[in-house]
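What follows is a set of structures for review.
Okay, so chain A shows up in both of these, paired with chain B first and chain C after.
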Partner chain A sequence: MQALDVLLKGRNLARLLQGLWVTLSLSLAAIALSVALGLLVGMLMTMKNRAIRAFCRLWLETIRIVPQLVLLFLVYFGMAKAFDIQLSGEASAVIVFTFWGAGEMGDLVRGAVQSIPRHQTESANALGLTRGQVYRYVIIPQTVRRLIPQAINLATRMIKTTSLIMLIGVVEVLKVAQQIIDNARYDALQAAVGIYGVVFFLYFIVCWPISLAAGRLEKKWA
Partner chain B sequence: MKRFVKMIVFALILTLTAAVFTSALADSKARSLDDIKAAGELVIGVFSDKKPFGYVDENGEYQGYDVYLAKRLAEDLGVTLKLVPVDAPNRVEYLTSAKVDIILANFTVTPERAEVIDFALPYMKVALGVVSPDSALITDVAQLAGKQLIVSKGTTAETYFTANHPEVKLQKYDTYTETFNALLDGRGDALSTDNTEVLAWAIENPGFTVGIESLGSLDTIAPAVQKGNESVLAYINEEIVKLADEQFFHADYEATLKDVYGDAVNPDNLVVEGGVID
Partner chain C sequence: MANPLLEVRHISKGFDGTGVLEDVSLTVHEGEVLVVVGPSGCGKSTLLRCINGLERIDSGEILLRGKPITGEKRDLVAVRQKVGMVFQSYDLFPHMDVMGNLLLGPTKALRRPKAEVEAEAMAMLKRVGLEEKAHALPRTLSGGQKQRVALVRAMLMKPEMLLLDEITAALDPEMVREVLNVVLDLAKEGMTMAIVTHEMRFAEAVADRVIFLEGGVIVEEGAPAQFFHHPKTERARQFLNTFVYEAAKKQSENSADA
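So, the complex of A and B:
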């Protein structure tokens, strides 16, 4: 098979795995930050304060309307032009993906918190639980369980979307694959499909365990 | 209805803010030649997936006609070289935002580009070429009317066909790899980009022929720097003039392009020495 020959040539396989590591480390950093910030943002979103809610709304609509690629360009090139701040491609990627992830995660948290029927809070209050205890024993455990499927969906989407960061100069797994295909395009013409197949497999083995673990957790906590 | 209006207004405000934010921006200040010497590192943007001009070999090393020059520019300046991978659509942005000092990415000189960035002396010349499958070979632009032509975004081919042949349907892709894959998959009827590129590709891809070898005006390819970066521009120009003595670009051709074009192409048709076009 041509793709295999090409991959085993020189340091190609090692480079592809290095690219995968770039993809993984950047997306995991962004996901971790998004979850942490998202929980906070979610709490803010459930607040009654109009200004805070308007701000959150603006944030959420921005990340939903503006394509991620535009956000990446705005941060990577725009920051340099507007404020003379030279961010590396990697830093820009984490910033944009966290901005996106935290906003979406916040909205998921808001939805999950609000989906807990109000009478549960009221009953808990009637039993004499303090505000903190209500959250600790009643709302948060149920919220987290409801949150998991959607949060996993968001996480895998973020991992896959990192393929865009090649356009701000970060050599991640897909870019390495393209470089390998291009380097072989004169002597191994049919390698492209096979190499993309390998990339598909790499994304799969990264995302599949996450879904699997989520399924386990959901069952365990149900 | 009220909600709908509110959303429209909101979207408008957002768009306007973004537009003002991006368009009003001046260039981020580029490094001068002295800055580069002081830092001990020259940063050059090259293609990483456009063999034989700029690509990464199986050992992870940058190679190609453009890279050969990049290495020499850093060497003669006595600094180390840092290569940054760029793609066709974002080459200008890399300069205006001062992410790189020089772009050496098979950059065709056009009046539109010359308004926003400065080109040094040319080191290569090209025209457009059109490659198509032998089974439905396109030998004249007229045959392209209503057909799907594959181009890469931000290239001269895109500009040329948009301006001169609106009857041709363009199928645009972000990267070079994608465009050639699209032609191989039969997603379009033909592909157009610089003739150097399609000639090299057709030699290696049986079943495809360059039916139109030279289209549009003869273009030159030159290094580019940020608008107004005089010191770096002057350095590149001096180098290009100086290197003519040793026929540097012919050596570059021998080292990087000859394998690809074989004897089918006369190097003097592509290579420019000392920035002089005859």
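So, the complex of A and C:
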């Protein structure tokens, strides 16, 4: 196995895991920020104010139409050009992924809140619960149950999409793999497939348990 | 005559400029069962919803034991703790089991000790034949079972009055009876109720007084025997005739099946 030989040579494996750590830490930062902001954005999206709703609509369309890579270039190179602010690749990545994730998360929150039938609120009201109690015991638990599986799916999508950030110079797991392959080009030509296989495996062991949990929860709370 | 428990005085209510209730007045005395009938869209649900503060009235006032429960200083939460309501749609909370549904109001809104309410809840479930469903999730119950649980849930708040809005309208015919029997039992025990229903036989059996609502106004009011057999107004007669026709149709269908 050429790939294994190459991986076990020098610090290659450690570097690869370090790259994975970069992928994961940036993803986690963006996911955490997205969830926090997304909850707020979701509330905004359910409001009746037309200006706020139009703004949210525009935001959503933007992140859905414009490829994430373009957004990354816009922030990383564009900010430097336009405002002379040179953001690091990592910072640009977190900004773009949060911009994307918060919008999508907001839309998920909006959908979950609006999918709770009005009757649920009314029958909780009819029981003499206060507004706060209605939210705490009836609306929020049901919203969260609908939200969590979808939010987890979004999170795995975000983790996978972080592979794009190597194009703005962040050395994450895929970039490390490429470097390793490049260095071994002369003495282990066949290593590439194997190393990409290892990267595949790394993404898999990170995302698979998450997807599995999402599926379980979805079934349990259906 | 017993004390008036609920007084509705000259209330009007419209949605976006179209009037739904116009100058409606009625009184429900303690222990009395008032049945409200009328064609679809005449404002029956709106009337009950106004009483429970789910809709805001445009004018008039509503009093509970002589105290206004409408207007600026109303305390909706306090009113709803005294006036229970059950709706047509099954509206149990799907994320809690039956017992969870039953405990929520008494333990959170009334802050009563859980063990005490639980014992009461169990006894009530037994009465409506559902004690073995205490820990079932709502989605595993039939429509009739859900509505019985909804009735128990409302009763556990020990309300002074119950509002029932077509609670059997979404049920399969064979489940209607099991739910209506519970309501008849409550009436026998002296529960004060305002009931909207399309089940005319049940209405006649349960009512102390009947109100016929059409186009948002009370067209006729009277004792059940009189209203159902000798209605005073032509419009009530026509309304009741549609049910005679339906009953006859059902009967001929049944005999055709036999």
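Throughout what follows, the second predicted complex is superposed on the first by the 211 of 222 C-alpha atoms of A that agree within 3 Å, B and C clash if a C-alpha of one lies under 4 Å from a C-alpha of the other, contacts with A are read in each partner's own complex, and residues count from 1 in each chain.
The working rule: a contact is a pair of C-beta atoms (placed from the backbone, for glycine too) under 8 Å apart; a residue touches a chain by one contact, two chains touch by 3 or more.
Computed from a prediction, not measured in an experiment: that's the story for all the values here.
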{"item": "Which superposed partner A:86 touches (first chain B, second chain C, both, neither)", "value": "first"}
{"item": "Touched partner set for A:185, first chain B, second chain C, both or neither", "value": "first"}
{"item": "Touched partner set for A:48, first chain B, second chain C, both or neither", "value": "neither"}
{"item": "First (chain B), second (chain C), both or neither touched by A:219", "value": "neither"}
{"item": "First (chain B), second (chain C), both or neither touched by A:120", "value": "second"}
{"item": "Residue contacts with chain A in the superposition, chain B compared against chain C", "value": "B"}
{"item": "Chain C-contacting residues of chain A that also contact chain B", "value": "none"}
{"item": "Residues of chain C that touch chain A when the two form their complex", "value": "52-54, 76-78, 80-82, 84-87, 89, 91-95, 104-105, 108-110, 150, 153-154, 157"}
{"item": "Sites on chain A touched by chain C in the complex", "value": "117, 119-120, 122-130, 133, 137-138, 141-142, 145, 221"}
{"item": "Complex interface listing, chain B residues touching chain A", "value": "10-11, 14, 18, 21-22, 25-29, 48-51, 55-60, 84-87, 89-90, 93-94, 96-99, 174-177, 180-181, 184, 200-201, 204-205, 260"}
{"item": "Chain B-touching residues of chain A, taken from the complex the two chains share", "value": "6, 9-12, 15, 61-62, 65-66, 70, 73-74, 76-78, 80-82, 84, 86, 166-169, 171, 175, 178-183, 185-187, 189, 192"}
